[in-house]
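Notes to accompany the following structure.
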Amino acid sequence: MTDGSKIRVGIIGASGYTGADLIRLAAVHPQIKITALTANAHAGQSLGAVYPHLSALGLPDLVKTDDVDWSQTDAVFCGLPHGTSQEVISALPSHLKVIDLSADFRLRNTKTYAEWYGHSHRAPDLQSKAVYGLTEYYRDDIAKADLVACPGCYPTAALLGLLPLLSSGVIDPTDIVIDAKSGVTGAGRSVKQANLFSEVAEGIHPYGIAAHRHAPEIEQEVSKIAGQDVLVNFTPHLMPMNRGELLTMYLRGAGKNAEAEARKALVERYRDEPFVHIVGDGDVPATRHVRGTNYCRVNVFADRIPGRIIVVSTLDNLVKGSSGQALQNFNLMFGLTETLGLEQQALFP
Amino acid sequence: MTDGSKIRVGIIGASGYTGADLIRLAAVHPQIKITALTANAHAGQSLGAVYPHLSALGLPDLVKTDDVDWSQTDAVFCGLPHGTSQEVISALPSHLKVIDLSADFRLRNTKTYAEWYGHSHRAPDLQSKAVYGLTEYYRDDIAKADLVACPGCYPTAALLGLLPLLSSGVIDPTDIVIDAKSGVTGAGRSVKQANLFSEVAEGIHPYGIAAHRHAPEIEQEVSKIAGQDVLVNFTPHLMPMNRGELLTMYLRGAGKNAEAEARKALVERYRDEPFVHIVGDGDVPATRHVRGTNYCRVNVFADRIPGRIIVVSTLDNLVKGSSGQALQNFNLMFGLTETLGLEQQALFP
Amino acid sequence: MTDGSKIRVGIIGASGYTGADLIRLAAVHPQIKITALTANAHAGQSLGAVYPHLSALGLPDLVKTDDVDWSQTDAVFCGLPHGTSQEVISALPSHLKVIDLSADFRLRNTKTYAEWYGHSHRAPDLQSKAVYGLTEYYRDDIAKADLVACPGCYPTAALLGLLPLLSSGVIDPTDIVIDAKSGVTGAGRSVKQANLFSEVAEGIHPYGIAAHRHAPEIEQEVSKIAGQDVLVNFTPHLMPMNRGELLTMYLRGAGKNAEAEARKALVERYRDEPFVHIVGDGDVPATRHVRGTNYCRVNVFADRIPGRIIVVSTLDNLVKGSSGQALQNFNLMFGLTETLGLEQQALFP
Amino acid sequence: MTDGSKIRVGIIGASGYTGADLIRLAAVHPQIKITALTANAHAGQSLGAVYPHLSALGLPDLVKTDDVDWSQTDAVFCGLPHGTSQEVISALPSHLKVIDLSADFRLRNTKTYAEWYGHSHRAPDLQSKAVYGLTEYYRDDIAKADLVACPGCYPTAALLGLLPLLSSGVIDPTDIVIDAKSGVTGAGRSVKQANLFSEVAEGIHPYGIAAHRHAPEIEQEVSKIAGQDVLVNFTPHLMPMNRGELLTMYLRGAGKNAEAEARKALVERYRDEPFVHIVGDGDVPATRHVRGTNYCRVNVFADRIPGRIIVVSTLDNLVKGSSGQALQNFNLMFGLTETLGLEQQALFP
């Protein structure tokens, strides 16, 4: 196959960490040709000026989004900050298939969106057409979609662990406690004192307690399966590491053998999924086992309190939690093998 | 005051991290003269051979515990591994005041001890006399004790946050979820593959799920206050950092204004405590704010689920969680100012 | 192409970090089928028991080296500790092409070997046939070799930076100071106190001062080009990170425009090399730009002392410094495209 | 002694890391009462708002420098950024003893200053009166000084290792190569992309190659002792850790037994110095052995090239490299015991 038959891809917002990780994967994806990279604040610069590690790939220079001739592009990944994607995507030509990595089109309820993001949605029509890009659960819709809203990193890890337990009635949907831990790349490349090395290294702390925007996203999907409005207890913590996130979910079983039932539900649901691994009985998911990969590793443990279980779910926030899942969806949207370009194994150590 | 009037102190098990941190503090404590350091596996070596950073203090060489002439010593800190302290301490002369940093004398119930530590207690008489060294709660008993069993690091952080809420009836004692995160020094200096830098750095994972020995210790004290047998949900995680631990405790309030009531209970209880700080409303406890210090910092947050609260408690596992609290108890046992030698401020960054 | 046409590969010593990184790359190499994994101390275990992150690849269980039926294998990578490869490789059937990642066959002079490794070489015949696997310099010999001795990680980084300057006479070969810094994976997975997280994190120190075994290896190649016996000043340092090494080389120019001449020599030499990048004038090589990749990035800077220059060379010690270069050599030995399976871009951040 | 008899101290520029570390030490110094803390950008805030770990000390709120009534203060520490101290200090009342931690008054030659800092010195009169605060070498002058210019962190580590070798003629002053490695706190708390956690963690790189402002400072003192103008080769590197710096200095001996002579010169020079430790023969200085302390640890090693030696010098850049040395000078200026308030031992691990 020559370059001419590849799918031509543009990346909007290429200067963030999400953009960089997408380029890392897309640049060696066998069916992708990167034709445009945009980063308004860096327009005119080479990619290597912003990301030296990507300097030798021979990719296009960074330009302004408005300056791209989209007629030469088939698909667009949009890695802009939350709140800014909706207007940019609205303005794109309709022939483009769009995979959005921001939060703009994740929430189905415009009221909920307004409540959490502080403004009315600026592209409600588009929002109603967007498909929620949790690949393992919306595969058919994604394959037909023109706009896919990739889930947040925390919701991906949470939902992959929770949904089979909810749909099979193994757990009580009203008593879900999610303690989440994430590496610093989750905060992006924005320059804030709180993200300086010396503020983060050798220490941990919670943030966004009871107020993190991923809570309503988790609740949206949990409520849908549970058939009732559910609030979840969700508290993220910042870890002194670059990549990876791990969720420890404290759950109350509905029946007597919650652990066995939960294990059965998880194993059955994900038996044929290439990217979700229920690890062996007693094996402990760890972020380092998924570093740099598109895998999510999950396990369930009996709690010492009878009837309760603990589900641990881990993924790389920049890959399965962002760019990798975006590529997985891209593969589906273009009829490619779902795993194409996502075969990387974990970089451990 | 001359050296002659100082209290003569021996440290048993000086080659572990707990021992090293005790020496760090004791060596500059104005009322302590270190007269003996034991480490059976390193007997005959200088302290600097084991801990180069302590080489210039002019302290005694390491010897075998059996070789010490205890007649020249007033007090002993015992930093041996769990299960080995009980016999060593039993064999010490009775004039010595003993502060034990192991788990051997923490559990009041010998049956519980046997269940969690896999053998019958070898000094049950001594166990019944030991005082649980959670300073802020057993101050009077500690002052009169001959043997103090310093709490584990996790129980210290957990109990300082929980006890005022239990004693004031603010929370439901039957629904306590404790997600704990700790730096690697908590695992001690023992040489295991799991603690190698390359196994730990840039990653996190839970361990001892539903089976950590600090659970029964927390439950012992919680049950005592609650007036009923309580099981708690306790799951620790290993963090890629040296020191510090942070507990995020998910609790169900008993009444309607749980957050306000909890804050009031905590502030009132610790108003005059030198080492427990309830930080300002909305301020987030972080391990880096207590690094190297004997402080515990606590705060309470309303959860988004009505009626639930989140209590965050943090301390340095080697100081307030171990050597520092041991020194605090030592000060009490010898009638010294409780804060003596513990005034260090956090090493941040 | 079906599996049947792939090259059948065995990995001896699969339980070390070098083995794990080789598996990471080989498992997704389009022309490799892994047929045997040996690890004597772990024989009978699944690969996932030793490396959970590789558990889902469906690879063979670990066995003893002596138990492998090598008739079903075409090539062997040997990742055993130094000093143990020579006997194992001697005993392998002659149809196997062998790529050795240990130091056993790197030194051409058996006297030098004995001096640095403390024993006479046990396979001197084989040693004389081995080709030094610095791919960019011994490409033709490697393509024809039956046994390739892959260079050490430090020598690879040093020689890629130095050789063009020596062969073009730009620098004085008698005044070479190499200050090297490496991540902890360079020490392997062996369980030593010195490699514990808490001994390494948040600190740096030199090691093997004036006595590191990579010095004679660097000198062997430098002397060959310089046409005289050369001693180099080589001092490695341990860094609190997993992967990556960076060498800062302080050199005395032979002529007046050493920096410009050096830059010219480097750029010309590596213009067509896929894995050695001379970065842009003024750009600073950094380990994070090569993390997880087979690239070496090099640059040269004028020193403020007239006539002196500073050459900085960086690579991932487990990839270009070990497993990646081994695969690069494998590709050559089997007539494959040299870059096959080595296209991964840096995992940054 | 009551508070009334303590020395009243102000800290200008209290919001930087240097300021924070000074407060950490000064707040528990037995002869210091902190009476003023200035930070123009944070005026009106509590200290705890900027540094939560210092919130419980009961210290004054942050104010603008111009708003302080200096009549109630005896001494001032000035931790402002380079280039801004000179005007602020010029404007202070003359009764104040001033310890400056910036670079403004370190260079004796105003031409050199202008060349490296890009502007003429704005307080040349004051500059000529300032004493260079390398305590171990200018003790008598410091005791009598009104203005002490504390050395940079790198010059402190370099000069403590080099000066005895130069003054005793052990090394050739014209062939000094200094490879320096520093933790990230050396960059201060300024908010730059390059200092974000994700840009720094798990990686290393050199910076300021041949252009770092500490080079002329080292050269000033080296030249003075050597009796000739000397240029040194000085290249710093950024390490993924908070605190600590280590200099590996590659030197050419003047005589035949350079290592033995160097060891003798160092041991004799520092025998009675409380804060400079020449560690045991063969012992390796490591940053972790000085973390949080005012110690500098030095050792010398024979190189494998005959006649050459390697001197390794390490200190905590924020303590002996900044705030600690400042306090050491303060003690001298006020006739106090030089070690007062500086007895902290290393926080290891």
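Which chain is which? They are A, B, C and D, in the order written, and residues in each are numbered from 1.
Throughout what follows, contacts are C-beta pairs under 8 Å (C-beta built on N, C-alpha and C of every residue); 3 or more make two chains touch, one makes a residue touch a chain.
In this text the structure is predicted, and so the values were computed from the model without any measurement.
Asks: Relative to chain C, which chain has the most distant C-alpha mean position?
Replies: So the farthest one, by centre of C-alpha atoms, is B.
Asks: Sort out for me whether B-C or B-D is joined by the greater number of C-beta contact pairs.
Replies: Higher C-beta contact count between the two pairs: B-D.
Asks: Using Cα averages as centroids, what's the distance between chain A and chain B in whole Å?
Replies: Taking the mean C-alpha position of each chain, the two centres sit 39 Å apart.
Asks: Where the CA atoms of chain B average out and where those of chain D average out, how many Å apart are those spots?
Replies: Whole-Å distance between the two chain centres: 35.
Asks: Let me have the rounded angstrom distance from the C-alpha centre of chain B over to the C-alpha centre of chain C, please.
Replies: Computed from C-alpha means, the inter-chain centre distance equals 46 Å.
Asks: Two or more other chains touching the same residue: where does that happen in chain B?
Replies: Within chain B, the residues that touch at least two other chains are 17, 184-185, 198-199, 201-202, 240-243, 286, 288, 291, 349.
Asks: Show which residues of chain A lie in contact with chain D when the two form their complex.
Replies: Going through chain A, the ones touching chain D are 17, 184-185, 189, 191-193, 195-202, 240-242.
Asks: Please give the residue numbers of chain B that touch chain A in the complex, ascending.
Replies: Touch residues, chain B against chain A: 177, 179, 181, 183, 198-199, 201-207, 209-211, 215, 231-235, 237, 239-244, 246, 248, 250, 284-288, 291, 301-305, 308, 310, 312, 314, 349.
Asks: Can you list the chain B residues touching chain D in their complex?
Replies: The contact residues of chain B facing chain D are 17, 20, 23-24, 27-28, 48, 51-57, 184-185, 201-202, 242-243, 277, 279-280, 283, 286, 288-292, 295, 343-349.
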